[in-house]
Structure formats: C-alpha cells, structure tokens
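Labels A, B, C and D are assigned to the chains in the order they are written; within every chain, residues are numbered from 1.
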Amino acid sequence: MSTVLEALNSALLTALESDPRVYVLGEDILDPYGGAFKVTRGLSTRFPGRVLTTPISEAAIVGAAAGMALRGLRPVAEIMFGDFVTLIADQVVNHAAKFRWMYNENVRVPLVVRAPMGGRRGYGPTHSQSLEKMFLGVPGLKVLAPSALGDPGALLLAAIADDDPVLFVEHKLLYTRPLLQAGQGDLADFTLESGGELFPYFVLRPPYPPRLTIATYGYNFELARAAALELMMEHEIFAEMVVFSQLSPFDLTPLFDSLARTLRPGSGQAHRLLTVEEGTLTLGWGAEVAARAAEAVSGLRVRRVAARDLPIANARPLEDAILPQAQDIVAAALSLV
Amino acid sequence: MSTVLEALNSALLTALESDPRVYVLGEDILDPYGGAFKVTRGLSTRFPGRVLTTPISEAAIVGAAAGMALRGLRPVAEIMFGDFVTLIADQVVNHAAKFRWMYNENVRVPLVVRAPMGGRRGYGPTHSQSLEKMFLGVPGLKVLAPSALGDPGALLLAAIADDDPVLFVEHKLLYTRPLLQAGQGDLADFTLESGGELFPYFVLRPPYPPRLTIATYGYNFELARAAALELMMEHEIFAEMVVFSQLSPFDLTPLFDSLARTLRPGSGQAHRLLTVEEGTLTLGWGAEVAARAAEAVSGLRVRRVAARDLPIANARPLEDAILPQAQDIVAAALSLV
Amino acid sequence: MTDNFALYRVMLLIRRFEERLLAEFSTGKLVGTTHTYIGQEADAAGIFSAASPEDVVFSNHRCHGHFLAYGALSPEGSDPYRLAAELMGKATGLVGGRGGSQHIQWRNFYSNGIQGGIVPVATGMALAEKEKQTGSIVLVFIGDGTLGEGALYESLNLAALWRLPLLVVLENNRYAQTTPVELAVAGSMSGRFAAFGLPVWERETSDVLEVRALAGEAIAHVRSGAGPAALILHTYRFMAHSKGDDPRPPEELARIRQFDPLTIHAARLSPAELDAAEAEVSALLADAFSRAESDPFPVLGNQVNR
Amino acid sequence: MTDNFALYRVMLLIRRFEERLLAEFSTGKLVGTTHTYIGQEADAAGIFSAASPEDVVFSNHRCHGHFLAYGALSPEGSDPYRLAAELMGKATGLVGGRGGSQHIQWRNFYSNGIQGGIVPVATGMALAEKEKQTGSIVLVFIGDGTLGEGALYESLNLAALWRLPLLVVLENNRYAQTTPVELAVAGSMSGRFAAFGLPVWERETSDVLEVRALAGEAIAHVRSGAGPAALILHTYRFMAHSKGDDPRPPEELARIRQFDPLTIHAARLSPAELDAAEAEVSALLADAFSRAESDPFPVLGNQVNR
C-alpha cells in the first residue's frame, strides 16, 4: 500500500523524467539524505544536474525559482519547514505572483514551492506551524494541498504543469499515511465523489441525509473523518465531508452543493457548516469559507474548528491543547446541530 | 484644523520627550527630509541620538527593534511603504510576536512598527497595497489602524505604551485629512459614540433606526461615510457605521451591539452587515468579521466590499476599478437591504 | 552602437526623456512618481553598448535609462514611445499601464520596484540561461542603498556557488533616497562582492567610453563561463531621488554637475553632430509623447485571480 | 571559571548531558528533535569563560552547549535541571515546556530556531546595551550554514554602522545539516565579515584554551566600544545533525574524533581530577534528569491571543 510520501516522491521523479525543463531545488535535498522529509530521495542520483541543493537561503531559493520560471524552466522548490515561508513572503507576493499580471500577461511564472506544514510532532514553536493562511488570497498565486484522498502525486504533477506559481502545502503527518480508497476500511459507509479535474475536491457522502457539512483539506481530513465516524456511531448524526485540494483561489461550488443537501426540504432547518483546519483560527482558511458561505447561503449556521490563536508549544500536552483534535470537531458539530 | 499627519508626528515627539526608552528608526527619517511621508519630521533635530536612520534593510530594522524591546527600550520602527511588510514577516511572526508566549512570559516585546499602506496615488503594484491582512490574527501581535476619527496621536501613544508588539497601519491618504469631529460638517446627522479605551472604536449612529451596519477601519471610513450619506440622501436608507482602530486581535463586541440594533424587532428582517476595506477581498479583515458574525448572529445577511483579487495597477482607471469605491459600498448596501 | 555619436545619442535620449517626464509631472499630466536617471546616463549607455541584444536585464526603480539604452541595442529599435505610454498609464504602454514607472517588461528586459528582491530573480534567470546554453548573460542593476538588503547576499552566494552568468551592476550615486552612503554602507562596497568570490570591476567615472571599456571586461568575464562578477560604477544623480524634495545643498548639486556625462562625451563630437543628435532625439520624443498622450487608457476586463 | 578543571567540567557537563539526551530519545522518552553540541564543547566553554556574566547571548538551534556554559558562568549557577525539564516538556522547564530544545530563555540567554533571523534581534539588543551603557556585550551564535541567510548581512551592516557591542560567533562545523560548506559557502568566511568592516578572530582548534584566548581578544575588542567583531571557530560536530541520519562516511567520523576537545584538554588534568569531574557531572545530571522526569507537565490555562 503506497503512502503519500511515495506518491509525491515518484511524481517528482516522473516530472524530472518527462520534462527537461523541470528542476528541483532546496536545502539538503541531495542523496543519500534526500531532504528533511525524504520527499526528494533518489532524485539527485537519477538527475544530478537538475536537482540542486542550496544554501540556507529561503528567499533566494524562491526568487531564483521565479527567475528560472520566467526564463522557461519549471522549478520545484522545497522549503524545509513550512514555518519558513515567512522568509519567502516578499518573493512570492511582490515578485513571483505579481509578474504575470503586472507585466500585462507578457510572462508566465510556472514554479512550485513545496512546504511541509503542521505540528503534532513536538517540534516546537518554529517548526510546527500551518502558515499557508498567509498566502491564501494572494493575487496570482495558487495554493494547493494534497490529502490522503485521490492521487497526491497527480496533484503535484498538475501543480508542476501549471503555468502560474503554486504553493504546495504538505502536512508532515500525511507523509506516512497510506493512500485512501473510498468504500474501504473506515470509509466503507461513505460514498466518495470527486470533481474539479486538475485540482480535485472530494465529497464523502454519508449513507443517510447529512445534518451538516464538514469542509476541510489536507491532513485535517484524518481528524474530520474520525469525527464524522464518531458522530455517526455515537450520535447518529451524519456529516458530509468536502475535502479541497485547491485552497486558493477559493472555488467553493462543491461546498455550496453540499450545503444545499444539508437543508432538509420543508424542515425549515438551517444549512450547517463546519470548517476544520490546523492553522490558527483567526483569518484561517475557514474564515474565507465561512464568509463566502454566509454571503451566499441564507439561513446558514457555521462554526470553525482550528488551532487556538497561540504559538505552538513544544510540550505534548500543550501542543495537543492548542491544536484542534477530532474531539473538538465532534463537540463543534454537536453544538451546531 | 490639524491633520492626521500632524497628530502622528506630535505623538512621536511626545513619546520621545516623555520616555527616554523610546527610539525611532527607519529609512530616510532624518531631517530635513523627515521620512517619505514626513511623519518623522522634526524628530531627529530634537532627539538626534534617539532617531536612527537605517540602511534599506526592513527585516533587520524590525529584528533590531525586537532586540531593543527585549532589552528594555521602546522602539518605533517605520517601514517606508507598507508593501514591504512582506520582508518583515519572519521577524514579526517567528520572532517578535512569538517571544513573549514562547518564553513563557519571561519577556515582553514593546515595539511598534508603523507602515503606510494603501493606494489611490498611482504608485503602482509594489507601492500601493494594503497588506495588513497578512498580519491579522498572528498570535502575540496587535494590529492597529488610526482613522480621522478620535485622536490618531493618542492611538499611537497607546501603541507605544503597549508592552506587546504592534503593527500600526497608516493609510497614505489619511495623512492630509483633517481630524473629524462628530456633529460637524457631513457628520452632522450622526451621533458619535466611542468606547474601547486605549484602542477605541467609533459608532456613528444615524438619526433613524439603521437598516444595516457598515464595519470598517482607517481611511476606508472616508468612503463608508460618503456612501452612508448617499444612502441616506438618495435612498433613505440609514446605515450605522462601526469604525475599529484595533484590527487584531478581533474584538467585535461593538459590532455585535450594532447588529442587534439593525434587526427591527418583530419585523423578522435579518441583521445586515457590510464590511469595507481596501485590501484584496479574499481573507481580508472582512472575512474574519463576516465569519465571526456568521458564527455569532443567526439570521445574518452579509456582504464584503474590498479590492478585487488582483495586483494594483499603475494606470488610474485600472487602479480605480480594482480598489473599492464609495459607489461599490452603495451598491453592496442596496443589494443587501 | 559602438561609435561616439550613437553613444551620445542614447545618453541624450535618456536625458531629454527624463526632463520631459519631470515637466509632465509638474504640469500634473502624470500621476504616481518617477526616479530619473539624469547624471547617470554614461552607465546605461556604456554598459549596453558592451552587452549583447540577447542578454537579459533586471532593472530597478530607476529603470528608464536602462530601458532606453537596452532598447537602443535591440534589433527592434529603441522604444521611448511605449515607455512614455506606460508612464502615462496608457493601454499601449509596455505593460498596458499596469506597471507604470518601476514595473516594466519588454523582450528580455524586466524591472521591479522592490529594492534587492530583484537580485534572486535575476540569479534564477542566469541559471536558466546557463542551463539552456543560450550564451546570454543576465545583468541586474542595484544602487548603493540596495546594499542594505539581505536578499542580495543570498543571491551572490548562489550565483558564485553555481558559477552563474550574472553581472551585478552597482550604480553608486552616493545616496539612497536622502541617505548618504556613509550612513548606510559599512565596510567596503567591493568587499561585499569579493567576500562571495565575485571579481569586481570598479571605476569612478562619468565618461561613457570608460564605462564601456570596463563593462566590456566584466561582461566578457561573465560570458566566458567563469561565473558571476560585479561592476561598480561611482556616479552622480543630478536630480532629486524622485519627483522633488532634494535635501542636498545647492553647492553640492553645482559641484556634481561638473561630472555631466553628456558634457564629457560631447567634447568628442562636432557641433554639427551635437545638433543632429539634439534634433533627432527631440523629434523622436515629440512623436513618442504625443502619440502616447492620444492613446487610450486601459479598461479592466473581467479579470480574475488565477 | 578560569582554571583547567572548571573548563573541563563544563565541557564534560555538555558532553554527558547531550549523550543522555540522545539516549532518552532513542528510548522514546523525549519527543521532537534535538541538535547536540558534542564535539564543539571547546567553543562554548572557552567563549563563556572569557565573557562576563552580564553579557547577553542569542543562541540558535544548537543551544544546549551554549546554555550550559553560560549557566556555569552565571552567579546563579549552572542549571542542567531546568534545561532537562524543558526538553521533557515539563512545567518546570526554562520556559515551562513551551519552547523545547531550540527556544529557551533564562536570565540574559535567549535562543530561537530560525537560522539567521536571530542576528537582527541580537543587533538590536546590542544597541540597547550600548544605549543603556551597561557595559554588556551581545554574543550571537551562528553556524556555517547560516551564512546563507540574508538577515545576517543586514545585521552586520547595521552593527558596523552603529558601532554596536556585538560579537558574532561563527561555529564552522563544516556542515549545515548534511550540506558540506563547499556546497553552501562561496568565497571566504572571514571575508563575509570583513566586507562590513568587522575585524575577525579566526582559528581552527578544538582546544578550549586556544578558544578562550582568542575569544578573550575578540570580546575585549567589542567591549572596548570599538564596534562589532566576528569570532570564527572551525570545529567538528561528532554526532548527526539532529537525532539520527548522518550521511557522513565512517572514516570521516573516525578522523574527526581525533579532535575531541575533551581528550585534548584532559591531558592537562590528573586522573584524579578527571574522575572527580566525571563523578560530579554524573551526580548533577542524575539529579537533573530524575527531578525533571518526575516534574508535572504544563497545562494550558485560559490563554488568549494578546
């Protein structure tokens, strides 16, 4: 059974194999080490000339990738820990993501920045954050995040094939996860639908009409799924899950479709939405989701589950209390229905 | 009649005069030039030792300010254009704002970063943005923004007196604005209430029960006010305005109070909320406001007015079409009521 | 563009273009701001006369002079008209009015208004040209003040490690906005490059022939595949940093006017040639600005965030 | 702490502390990660024996050794117990379990896990100490790999311009994680500082007495008010970058073990002294770890974002 890590790793190999314009760069990515999380393992052995280990220079890594992209290459840059995306903010916001529009569509900037995000490993306040929220909504930038659903490798290949800059957010805990199949294991009771072509979304429909929709992405789906199972088993509450792989630009059509189903016709009950993410609550992904849903759907009831607005502590009990847990999702769902 | 610029400038003078721990640092802030927007004019002449002009090194400016603050000084740093806050993201997020909590409250970090934001002056894609949204919700950081209401100088002094890091967002067009008085000029028909002590909010209550609440901050209030007057004069629609000076952490109590008033008892009508900001729409300040309101207020109708999710063009007609105008607020209000 | 007349003509084109711009600003025809190249013309004219038309350029906020000299080099010819249109925010501008003064793009020429941040991008471009084996090098322009930005040093390190065909051109006009180098640059300018193993070509001059010779050496080094290099030109900016507000004392302004690159180079031309250059440039600019002025403004289509 | 025994004792304390940590990790008692100082002990021991207890320290991810040596200098005494508690995530840890291995704070000692970003902060601290006229200097620790970060150079410039009492200590252990300096550092290490006008004290040594002498000179320079300086120590890291996964060949690991600072300095002590040091350190650590282990975990109060 293959893992998310394997899927991403072989996607990078495929990209290097099939397109000579693809370059991979980042800190400590050479074999035998193969990168801090091993996503780049084996690449430098196979393609020594196109796999470039870099100094510890996050801004220059992304800036260089932008320059490469402007001049016809297709770079994939790795930021060792997603916490360091703060260092690339200028290169992303004021350079890479702006060029195409600012230069009147004269240029395209096909680059991918991969960043492992997330906590739950006791890495402490500067190596555990989910900072993708800072980049959601940046004009000209796409933000994608694989989950264990579908094909994370295909998603990465689609990101590389894209002509615009992409921030590709990988939750660290996802790497060792096996790829999930609908109808198998604890997903047996759910029907899996997907759509969205290049950057697919997934809808997990429960066996009975849902009382609420849970919207999430990435590793959070593991928690959402555990919560949905508990809600079903313990409380006979059915939740439909919508799992996005395109975080930004926001396209919430599948969510709105799902919300339409959570209103039992004639019952007068409100549409119920729960968003789940690991970043801090305030102005996280869920804020935009909730805001758009509130604008579009009348009679909406909504709650967001996210990390507390605090740094992430090193000590396990603190980290656990700060980051959202499946139990928090269950509790929020119960408060909503 | 004194302007916002004069108020901020004399607040800096007052701070330097009254507290020897206060230092001011930034690019080109020495007299006779006195800073790109003249907010620091006169300071270096009066306090040459504590007004430090710096090289073009935004990250180091803010990092140095953090170090000064950790060791007992109270620095006020200027970022010449708010567009460059991308360069200070790491110093703010992973250093200054984290220290207090991460070091278990052993330390405090009393620093202020002032940043002129905003467009409408034809400065183009890298000198016109409103990027404060990237910093809203950062744990440990306060984000404040003066408007022409109340006393911007007092707000800056409160920021300097605060023991935690503050990002102080000044819209460039605000500088030349005269300070506003309730009950005067075009505000004559509104009652001005305020609260919130150190970082006050302002509520402008129309003469008749409001049909909607407009929430905004900073220079946007100028547009909101023009729109509210037009709604009143041309459409007999009364809007209550809630103007925040504390953007983050979010404390929306005065907004919720206002929303309670926009529900006409017994009418069955929904609470109506319109948020107005100049930054791009997606995950702007209004997203969190809308999300919190949607969570807290049942039967809410909400719209957000913000910039289009695009870079800001140089050409005036494009810039005007990208940034929100008073007419957009009027149109959104009409679509809401 | 190797003869004296051509060099003079490019410098004059820059000078008159910038003067015209300042005039348009003061009559309110232009919005935003501008950073003129007046006083530094020998740099761009000299460098681009030594570069190849296929070289790649990343310029900064003070990009008009670089662009006009680059354009003169181009087989498609110089294009003050489209630059003028851009500055007026017209749909026919280099980037359709979106970028304005600091953010232009044309052929292999790019500029951006973020100090220092352009250098990593130029470094990546140099990597691309090297990998594609185009034989092109990348020239990136910075000012003395930009030595303050950390992104520069990250890039020098990368460029040196990877032996990239990158020439960093440092135009030291002794001021960053209003800040004199003494308050902003510690240590030594050339040392900043040497520390990363970049050879440095450095000269204090406003003579376009000297610039051309020096730039030629630096460019030849970079083009040979020997890795990145720096070209440091100590020069003078005659006008204010941007539109107005120049805190420098009048004596200083008078003193630096001695080093006018146009005057220096004019001594090599006949009065007839000087008149011809003036007439040619004046006709070119009159045409450029009047066409640009009558061009339409852009409209915002149904743009979405992609 | 100037005698040979004291120096040895500090180095041994660091060595045994780190060995204990690695053991605790491999038995699963600790979570997260750690970067041990084993092999580099002479640096911290030598430097802090030459510093003053009131000096300010900003350390990096590899901070345990710095902290223990700093603690030994402090009038309040060394505190391996509270460091151990911090690493176990206990409420009694240096920062209550919030920071963990890379993020500690005690008296004038601070550390953070962002490469390079600590240097601007240390620069501001140096400004504060100078302005407050405390006579303290600030020591900031970086590794060879951290020479890649732009924030470092911005800070060197500021510190030099403002003549700040800042000593940048560069511990070149020849690797950044797995990347050898040859792949990450172009040009010259000392040149990176000299370019900004910082005088450099540099030595290839694992002898604590040599480090102390050299550090003493650099510290005296900085404390004299002459401005910032750099101290470059070429050293060796014996263990993996963090917990495991060391791609260096066994021959190399064997070779560098020759430069063991403990062995080198042990030659100056009597067998009895060596035994005494071992006994003392072992008792101290046994106590530290067992107390820490029985301490409670922190609980999250009603914390809000302030």
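The rule is simple: a contact is a pair of C-beta atoms (placed from the backbone, for glycine too) under 8 Å apart; a residue touches a chain by one contact, two chains touch by 3 or more.
Values in this document were obtained by computation on a predicted structure and should not be read as measured data.
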Identity of the chain that, by mean CA position, is farthest from chain D: C
Geometric centre distance via CA averages, chain D-chain B, whole Å: 41
Chain centre separation (chain B, chain C; CA means) in Å: 36
Whole-Å gap between the CA centroids of chain A and chain B: 30
Chain centre separation in whole Å, for chain D relative to chain C (CA means): 45
Multi-chain contact sites of chain C, meaning residues that touch two or more partners: 96, 98-99, 103, 112, 114, 117, 147-151, 154, 157, 161, 183-185, 303-305
Residues within chain A bordering two or more other chains: 54-55, 57, 59-60, 83-84, 87, 90, 94, 101-102, 125-126, 137, 139-140, 249, 280, 282, 309-311, 313
Category of the chain touch graph - line, ring, star, complete, other: complete
Parts of chain A lying in touch with chain D, wherever the complex brings them together: 27-28, 30, 32-33, 36, 53-57, 59-60, 83-84, 87, 121-127, 280, 282, 308-311, 313-318, 321-322
Chain A partner contacts - residues on chain C that touch it in the complex: 56, 58, 94-96, 98-99, 103-106, 110, 112, 114, 117-129, 131-132, 150-151, 154-155, 157-158, 161-162, 303-306
List of chain A residues in touch with chain C within their complex: 23, 52, 54-55, 57, 59-73, 75, 90-91, 94-95, 99-104, 106-107, 137, 139-140, 142, 164, 249
Of all residues in chain D, those that touch chain C in their complex: 147-154, 156-157, 160-161, 183-188, 191-192, 194-198
Chain D residues within the chain A interface of the complex: 31-33, 86, 89-90, 93, 96-103, 112-117, 145-150, 176-179, 183-185, 245, 247, 297-300, 303-305
